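What follows is a short report on a single structure.
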Amino acid sequence: MRMKLAGVALAALMGIAAWSPSALADNTLVVAQEAEPVGLDLMRSSIQTTMSVSYNIHDTLFRPQGDASIRPALAKTWKQLDDRTWRVTLREDATFHDGTPVTAEAVKFSFNRIMSDALNSPNRGKLSAFDKVEVVDDRTVRISTKEPYAPGLYMLAYYLPIVPPHAVKEMGDEQYNVDPVGSGPYRLEEWKKGQEVVLKAYDDYYGPKPAYDTVTFRSIPEPEARVAALLTGEVDVISGIAYHQRERIRKSDNAHLTDQMGVMPYLGLNTYEAPFDDKRVRQAVNYAINRKLIVDALFDGEAILAEGVISPRTFGAAPDLEPYPYDPDKAKQLLKEAGHGDGLQARLAYPTYMTQIQQQAEIIQAQLAKVGIDVKLEPFERAVMWDRYKAQKHQMYIYWWDDAPEPDRYVYPLLHSESRDYYYKNPEVDKLLDKGRRTLDREARAKVYHEVDHVLYEDAPWAFLYIIPDVFGVANDVDYEGRRDGFLDMRSAKPSSN
Amino acid sequence: MSISDTSRARTSLPPGIRLAIATGRSLGGHTSAVIGGTLVVLIALTAIFFPLFYQVDPLEQDLLSRLTPPVWQEGGSWAYPLGTDNLGRDVLARILYGSRVSLSIATAAVAVAVSAGTLLGLVAGYFGGRLDNVVMRVADVFLAYPFMLLTISVIAVLGGSLINLVIVLGLADWVVYARTVRGSVLSLKQREFVEASRALGARHRRLIFRHILPNILSPVLVLATVRIANIIIWESGLSFLGMGVPPPDPTWGRMLAEGRAYISQAWWLVTLPGLAIMITILAINLFGDGLRDALDPRIRKTAG
Amino acid sequence: MARFFLRRLRHTVFVLFAISLISFFFIHLSGDPVMLMLPADASAEQIEAMRERLGFDDPLHVQYLRFLGGVLTGDLGNSLYYHVPVMELVLDRLPASLELALAAMAVALLVAIPVGVLSAVKRGSLIDFGSMLGALFGLSMPHFWLGIMMMLLFSVTLGWLPTSGRGTLAHLVMPATALGVSLMAMFARLTRSVMLEVLSLDYVRTARAKGLSEALVIGQHAFKNALIPIVTVAGMEFGFLLGGTVVIETVFGWPGLGRLVVEAIFNRDYPLVQASVLVLAMIFVLVNLAVDLIYGCLDPQIRVFDEGEMK
């Protein structure tokens, strides 16, 4: 017995000692994010940290640009046949990672797959305007929408990764999710669950060959540890940097910051129930919040004041709108007119997983108290927050979206009643948003969104807050520029020349 | 001196007072107990009476003076003796106020655990048989259930209010007391004075509460002091995961958890509440050690 | 012996059954995961269809029986979030968890036992006072605080150790220490007090009186007896370590089971929570069984296989 015990102890000790040190190859880029990917099938996730990894494995037909335009990717040329139809011609030389060519059939298969009930893709709704994809010949497809849909190709550029029909059918959806075969610049080498995803450059990639042979995605959940890892040179690129950590990276000799998407928090109001069913109360909340002070105090003045629902950085934002001024007297006045001269009580829900939201909620609570709105903070764990959101149980709530270049990407899903009408419904806004989708002429389209912006400014379904430009941290020996969509796209990363 | 002798000699006094007298008498000779006890009393008094000498609202924000350092550091001022936090709130006021919240949670949770655990342990040990079996089986289940996960899933469902935290932390901890108490009861049951009372026809309730309970209180007391310290640490762990007491009420744990984000800019945000926790736990443990030595040198500390 | 094992087996099965029942009903109380799995614009039909497909429209007891059936056939289902078999996920993470728990325990015991023994032998000396004061400090620090402080010192300032991740021994040092320090403190105190107790027992006095060398008395007679409570507590703590490391796993990005389960609770990934809780509980029970067996080796006088009461 004693011998056995000793044996067990010895085995345990040897186990501890036997880990091989991971040898880092020279030409490797290490990226650290907040969370490990959920799966690697780009069609099956809408989580930023997950999509960032699989976006390097998969390619789409077009490459989305910061001004909501597109450039060729798997598609070589395209032509609009009529209001509702495009003809898209694929490149000749694009192949999947198993060597088979990217064909028109694959595009059709991919579209049908993402729209299928079986896959239950979270991004299906974003492509709901599309009708069908037809194969014209081996390299040509015809894509049609149900109605004229102005941002159509841009949405395809985001949400329709092209997957190989044979591989998906052979493996099944579940296996494909852990062992994807894309047509992007990197192929999956190994996924060490809980630790890292290792990608290798795909030799036959049709585009410019990526500069790094290997890209490793790691997850470091603790924000302090992520910054520390960047500063010590253990990792080359990090995401999820809290505002107050930026200064440290800026000051360091090892790393710098690059802009990416903007985070646009908003304070949603339940317009279906008292007291926020009264427009004057909603406006009062807008007047009572000192956004400028918050932005100065928390973000060194670097955040952009929101002047309405549409971010000033998004196409179609009304140029003549000014942010609601901080005017507590006016707020009190409006509350009095609405019959709340003695003040009122309200609940403010926010999710606990975005730690930076809490301090903003606490400031807003203090500011609203000054005009007589007594706010009770309700921090909810993510799932509970979402359940209550959908069950219309929130009175005031904080959520956020990124300020995408294309207005249809967030204004429609958040405020069109056919997408979600949990807290707000306005037939006029619905009509305008529909019109915005159908108007193909860019200038005419901008005018439609200006009008949307005005209507929502006046109606105030939210208290508008600010847009916080988010950043990535990048080691100084890496040359990488963040993108407005917030994906960690390593197609463009390369060793810096200095 | 053993407690059972004392209790027999002074049966006229209520058990609580008897224990207090015995404890006080034997504590006198233990330096660590004296130091620890004094500190504990000081901390408790501060938590109760601080508004008399420091009247600053711990929730009042002054965004333009956020992250002001403590007074002795460059940039600090007497307006904020220990500096301000990320929203410009007074750190001293928050630590003082936080002492109330943190200590109340810990004390209340221990009270829940002690009452539940002692009662079940008493009943199980005294009556034995099937009842004992059931209680101890349940205890085994609780023991094997990953505690942290239990706490987190309960808080995730019920939300992190003060009451919920107390209940959850208390429930997670009752087993320790139940087992200790049961063990003591088992050995006491054999002792002559209990058997004598029983022979004289004393009722169960009288036996349990007049004769057995006073004699098992000391190990429970010792254990409870140690566990209070543990619960303060757990609370900070839950805050770290975003599942502690909801804002705006400050607790030491939450201050620590939130302050960690500013660790390289504002050391005082994580160091000062950390110190408060350390000093308190140190005091409680010193006191607990002394208490243990004083009450019964044979009591083994089995849980930590 | 066979009888003992039969009883233990029955007991184990009961505990695991009870735990699965509790965790099952608890997590189902928290609400339905379907809403979380579908986008905001999902229609009522889509929600209903999904609910039906996953079996969440059945009564709770039917769902539980299905789960139980799965346990018996070794199929605990697929993760709702990761879409792979849950056992695969749990087994992927288990080695990292075991590794961290073992290392923390090793760090704690390797320091605590000598310190505790020394303190007891040199009772009242400066060594005793110093180490017990140190132990008190060790007990008073929240894990994550210690972890972050260590990271700032050893990784950022000194550059000696990697900040996070798993792989080499160097990766293990900080998380194991951060986790081990409070255990170390606890064990040092425990060792000291049991040693003191044992040293005052008759047979140790007898051994001394017989003129046996002090080292032999302490090492052979006293320490061996003192080991019993230490092993008991170590067994219990090991179980807590496995399930309770989530904070340290988060700080150091350690790919262990704790974080996986906590995230699963947040994501309402029922099958994953169920499987992890079961596995953790099973390990706890097994470790404590092992502890009981070790008793037998340490002290033949303890009759583990007796008919007498079991814990």
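Residue numbering begins at 1 within each chain, and the chains themselves are lettered A, B and C in the order written.
FYI, a residue touches a chain if its C-beta (ideal position, glycine included) is under 8 Å from a C-beta of that chain, and two chains touch if they have at least 3 such contacts.
Note that the coordinates shown come from a computational prediction; the quantities given were computed from them, not determined experimentally.
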{"item": "Chain whose Cα centroid lies nearest the overall Cα centroid", "value": "C"}
{"item": "Chain pair, A-C or A-B, that carries the greater number of C-beta contacts", "value": "A-C"}
{"item": "Chain centre separation (chain B, chain C; CA means) in Å", "value": "23"}
{"item": "Euclidean distance of C-alpha centroids - chain A vs chain C, Å", "value": "37"}
{"item": "CA centroid of chain A to CA centroid of chain B, Å", "value": "45"}
{"item": "Residues within chain C bordering two or more other chains", "value": "30-31, 148, 152, 250, 266"}
{"item": "Per-residue overlap in chain A, given as positions that touch at least 2 other chains", "value": "224, 353, 381, 383-384"}
{"item": "Two or more partner chains touched - positions in chain B", "value": "156-157, 260, 263-264"}
{"item": "Interface residues, chain C side, partner chain B - complex", "value": "11, 14-16, 18-19, 22-23, 26-27, 29-31, 136-137, 139-145, 148, 152, 182, 186, 189-190, 193-194, 197, 229, 232-233, 236, 239-240, 242-244, 246-247, 250, 258, 261-262, 265-266, 273, 276-277, 280-281, 284-285, 311"}
{"item": "Residue ranges of chain B in contact with chain C within the complex", "value": "136-138, 140-141, 143-150, 152-154, 156-157, 179, 229, 233, 236-237, 240-241, 253, 256-257, 260, 263-264, 270, 274, 277-282, 285-286, 298, 300-304"}
{"item": "Chain A - residues contacting chain C, complex", "value": "1-2, 5, 12-13, 15-17, 19-22, 38-39, 44, 46, 117, 120, 122-125, 128, 173-174, 177-178, 193-196, 218-222, 224-225, 228-229, 231-232, 234, 353, 381-384, 386-387, 390, 413, 418-420"}
{"item": "Partner chain B, residues of chain A touching it in the complex", "value": "223-224, 242, 244-245, 247-248, 293-294, 296-297, 352-353, 355, 358-359, 361-363, 365-366, 377-381, 383-384"}
{"item": "Touch list for chain C against partner chain A, complex", "value": "30-33, 35-42, 46, 49-50, 78, 81-84, 89, 92-93, 96, 99, 102-103, 106, 148, 151-152, 155-156, 159, 162-170, 172, 250-253, 255-256, 259-260, 266-268, 293-294, 296-297"}
